[in-house]
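The two complexes that follow have chain A in common; it is paired with chain B in the first and with chain C in the second.
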Partner chain A sequence: MNIIVFIKQVADTEARIFIKNDQKSLEIENKFNMNFFDEFAMEAAIKTKEKFKDSQVTVCTYGPKRAIEALRTAIAMGADRAFLIDNTGFETEDSLIVAKILSAFAKKEGFGLILCGRQAIDDENANVGAMVAEMLGIPHASAVINFEVVNEKTVKIDNEIEGGKESAEVQLPALFTTQKGLNTPRVPLITGVMKAMKAVIPTVDPTTLGLAKEDIDLNASGIETVSLESPKQRPPVKIIDGESPEEKVRNLIRVLKEEAKAL
Partner chain B sequence: MNFALSEEQEFFKKIIADTVDKMIVPKAQEIDEKDEFPWDLWREFTGLGYIGLRYPEEVGGMNADKVMCMTFYEEIARGSVGFAQSVIMNILMGTYFVYRFGSEAIKERCLLPAMRGEKVATMCFTEDQSGSDLGATRTTAVKDGDGWRINGTKMWITNGPICDFCTVLATNDPSKGLKGLNFFLVEKGTPGFSSGQVLNKLGCRGTVTGELVFDNVWVPNENFLGAELGKGVFYVGDILDEVRLMTGAMALGIARGAYAEAMEFAKKRVAFGQPIGNFQLIREKFAEMDTLMNAARLMVYYGAWLLEEGLDCRVLAAEAKMYATEVCCKVVDELTRIYGANAFAYEYSPQRYFRDARFLLYGGGTHEVLRDFIGRTLIGKL
Partner chain C sequence: MTKDIFVFVEYKDGSARKVSLELLTKGKEIVEKNGATLYAGVIGFQAKDIAEVVKGFADKVIVVDNENLKDYRYDTYVSVIEQLVKKYQPSMVFGGSTVTGKDLFPRLAARLNVPIVSDAVGIGFDGGRLKIKKPLYGGKVISWISFKDGISPMVTFRPNSFTVEKFSTNGEVIEEAIDAAKDQKYAVLSMDKGGTKKVDLQEADFIICGGRGMKGPEHFQVLEDIATTMGGRVGASRAVVDSKWREYDDQVGKSGKTVSPKLYIGCGVSGALHHTMGMDTSKVIVAVNKDPNAPIFGYADYGIVDDLFNILPVLKEELAKTKQEI
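Coming up: the complex of A and B.
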């Protein structure tokens, strides 16, 4: 079984991010990671491979050249193959275009199972996984918190729903998006790190996947960023003064009532 | 000139940084507070295979270049210096002579298990009256039948009280001074070999450091680790530059950890109605710290490059160790000033960085000895 894992390289949560002067694009400090939720997908894929020895894990991302680092991390964790679909000149905010490209890749490579994070922590769209499943015409379950491949035809899962969880059996081929709590992503062994360092990662031109250029180029996007804004700054911490603890408490209650309107 | 890391080196740096963040950073404060060897973390971390960092792939190592080694030392020290000391002792000094001179049987018995973290290694130079002054070594090794009889006491031995084997420096002829020094392998369980006092250290807590006693310890000829008698000090020279650069890299790691704590605090701590990072005198501290750390980083990694290229770096390695450690002490001091009174409380981390940094002043050569060596080498014999 070919297990495809789609990952995304995203800015580190501690990277400094600024809105550029055009108010439409970002300047991001050079600190990037594999998307947090994709790590659970990687771990689930490797665990499945450990159970079904003849499986192979193929990891793929649609992104800039720097995303090769995230692919190497996936190889260090245990992926067999990695592909970068280079988005240079095709950068888009439109999840639909990304999904078209990834589903075209999956069709070309063949697959028995597809995994990806439930959403990317940068744009937080949570679109691509479901869109890819739709385009491939396969079942899809999102925010999976338990995942067990029973045999080459069936997967048992639990996924999060509002206020509880849902258990299901899903027929393969299918696509699952992974949620925190599914597993503990492994720390790579040195043997994996060495393999990843030496790995030659092929770059795929998105126009070679059988899609019309005008469907994926810069003009194809149905979404146009009008402007970006930073969140409002939090007001500074207010220190409640008073001669005694009792007076401080009285002052605190007054502030909560009169200024914060919390009481 | 090309200062860029290769794609592979960049990747390695990121992987090891992530590993340290996940495995070690969350336990650093606990390791320091308990001051007990963290066996669970040891098993978990060494299970990844990093102890073989420097050794060839044929023996299960990674064959990492010197820049990657420095990256590793820096990152792990950033996580916890106490833990880093134990790991690096196994990676570098503790296994160096066993790998270089050990028989196949010794490698099978000691090196390979040490690379898997199943055995703890150490090296014993220091005695109560000698450290940098190796010529004053009083531990003796006297020929006895088909082996050697070792007598003496070693002090300040990282991993000493928990080691499974050690490489011990001993003299076979005290009258020859440095030219009488040799290395021998002594394994746990050898009659007469025991651990003595465990030191209660100011910093680098979690590493077990202490005394090793050699009371009429007999080891077979196979345990003599060298090609020729009396060459021990030359063999030390072969690893000394790497040890000094490693110490500099560890200093950089502590400094980076401290700097990050200071930065986070300066952004969050509000005084006079605004984050203290807005005040010029606080900004000046960051400008100073960053400048010093960048200079230290250039020295350490330039030294690593020279070492990798097989070029002479004796003076630079000593300078880099000395400078990076002094920078580290400066940065941890600034952290405590930025943090204010809380830095004086054991509940907060700045005091840990402050204490840990002090050890690097002595490990890898005191700065007084290094300054003398640098000056003497530069001026030459007059």
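Coming up: the complex of A and C.
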């Protein structure tokens, strides 16, 4: 089975982020990782390969050149192959375009199963997975918390639905987005890390995937960023004093009522 | 092109979800500026009662009612909304950035080949041009996004982004008969809708969140009592969920849920970045922690430095009194 895992390299949650003077672009401290939710997708892919030995795990990202490091992490975890679709000159925030590129890649490579994280932690969009599934005309399930490939044709899953969970049987090929709790992503072994360091990761030019250039270039998107700004800073905390816990709580309730109008 | 707006209405236990009413309220405010129409889409089985409620919030309520639509499935719902959008040609479709919304709207946008802006928190105007407010990087950056002419995007908003106001007149209810076949490749085996939890964490106006300082799962009962009194929900930090004191469904933060209640109270929550990223859009933040240097005080509006086990019983009592006064 051909398993494709789509990942994204994202800024570490601790990375410092500055808005540039143009108010439209960012400068991000050089701390990047594989997206948190994609690690569960990687783990599910490798577990599936362990069960169906003739499977191949292909990991792919659409991103800048630095994203190759996230692909190396995926190889260290156990991916067989990795591809960087280089977005230099095609940078976009538009999920529709990203999904078009990734689905074109999947079509070209062939696939039996596609996995990706339920959302990226930088833009928190949660769009690309379901969009790729739609473009490929295959079923999808979001936020999968249990995942078992039963045979070459069938996957059994549990996933989150509004207020609860659902169990389903899905015919392959299909796409699944992975949620925290699905598994415990493995920490790469030193042999994996060595392999990843040596791995040759091909770069794919997005214009070679059979898409019209005007569908993916810098003018392709129907959305545009007007401006970026820093969030409003909260005023410094007001520590509520009192002689006793009772007094503190009463003073708190009073300010919540009178000043904050929150009660 | 029209300036009409279409809102996909979610509902639960016989009433429309608050997030949907928020979007209808905001949608009405926008269409009124240019004499356009606000559509509410109510899709399901025996959903006519919902339509009766929703008509107080929309110009036209489009109801699609058939047995295949009893439970949400992306396949049936995408194809129904696709047909409604093609027929009514709204300039924008709004929905909630909910579990359902996150599953439905990307697939719908791909079907219609239109862009989507997800997890937005506000709407503004630049001259006459509408722009969408969306936090990035866990709220470290706020972006404003607009659309090129002739684009009819999907936009999903976080619950608690807008207020709810009913307007004076009732809209027209229009029934559309649209058949939606289920994808045979996707067989639902069982469904557990939870049911016991009263309020959706993301929609709650009041959240009292327990951190590692709660010391154990047995101490969360007082938080539950307070949440019940306030009609809100108990939340939990990642450490608490990882220790299995609370379910993942309760987790607030980067790897859990992003919440913006009117009042958030953190108890024994240190305020690690991955937590504050999930709650710093709350309107008012209160922190209770015995460590005056806990990072949470850098995000809070009000703080109490004390042992939370001294504070919580009193807080429970005082909040109960407050509720009785109202």
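Everything that follows uses one rule, which is that the second predicted complex is superposed on the first by the 248 of 263 C-alpha atoms of A that agree within 3 Å, B and C clash if a C-alpha of one lies under 4 Å from a C-alpha of the other, contacts with A are read in each partner's own complex, and residues count from 1 in each chain.
As a convention for this text, contacts are C-beta pairs under 8 Å (C-beta built on N, C-alpha and C of every residue); 3 or more make two chains touch, one makes a residue touch a chain.
Nothing here was measured: the structure is a model prediction, and the numbers come from that model.
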Contact-wise, after the overlay, does A:Glu69 reach chain B, chain C, both or neither (first, second, both, neither)? first
If you stack the two complexes on chain A, which partner ends up touching A:Thr191: first (chain B), second (chain C), both, or neither? first
Looking at the overlay, what does A:Glu160 touch: chain B (first), chain C (second), both, or neither? second
Pick one for A:Ala130: touches chain B only (first), chain C only (second), both, or neither. second
Contact breadth on chain A, by residue count: chain C or chain B: C
Using the superposition on chain A described above, determine whether A:Val237 touches chain B (first), chain C (second), both, or neither. both
Identify the partner contact of A:Ala143: answer first if only chain B is touched, second if only chain C is, both if each is, neither if none is. second
With both complexes superposed on chain A, which partner does A:Lys47 reach: first (chain B), second (chain C), both or neither? neither
Between chain B and chain C, whom does A:Lys248 touch in the aligned arrangement: first, second, both, or neither? second
With both complexes overlaid on chain A, does A:Gln119 touch chain B (first), chain C (second), both or neither? second
Touching chain B in one complex and chain C in the other: list those residues of chain A. 237
Chain B touches which residues of chain A in the complex? 33, 68-69, 72-73, 76, 187-191, 193-194, 196-198, 236-237
For a test of understanding, state which residues of chain C touch chain A in their complex under the given definition. 10, 12, 72, 74-75, 78, 98-100, 102-103, 105-107, 109-111, 113-119, 126, 131, 135-148, 151, 153, 183-195, 197, 200, 248, 254-256, 258, 262-263, 273-274, 277, 280, 283-287, 292, 297-307, 310-311, 314-315, 318-319, 322
Given the complex with chain A, which residues does chain B contribute to the contact? 7-8, 10-12, 14-15, 18-19, 22-23, 47-50, 52-53, 57, 62, 270, 273-274
Hey, which residues of chain A end up touching chain C in the complex? 11, 13-14, 17, 19, 26, 36-37, 94-96, 99, 118-119, 121-135, 138-143, 156, 160-171, 174, 180-181, 221-231, 234-235, 237-240, 245-246, 248-250, 252-253, 255-257, 260, 262-263
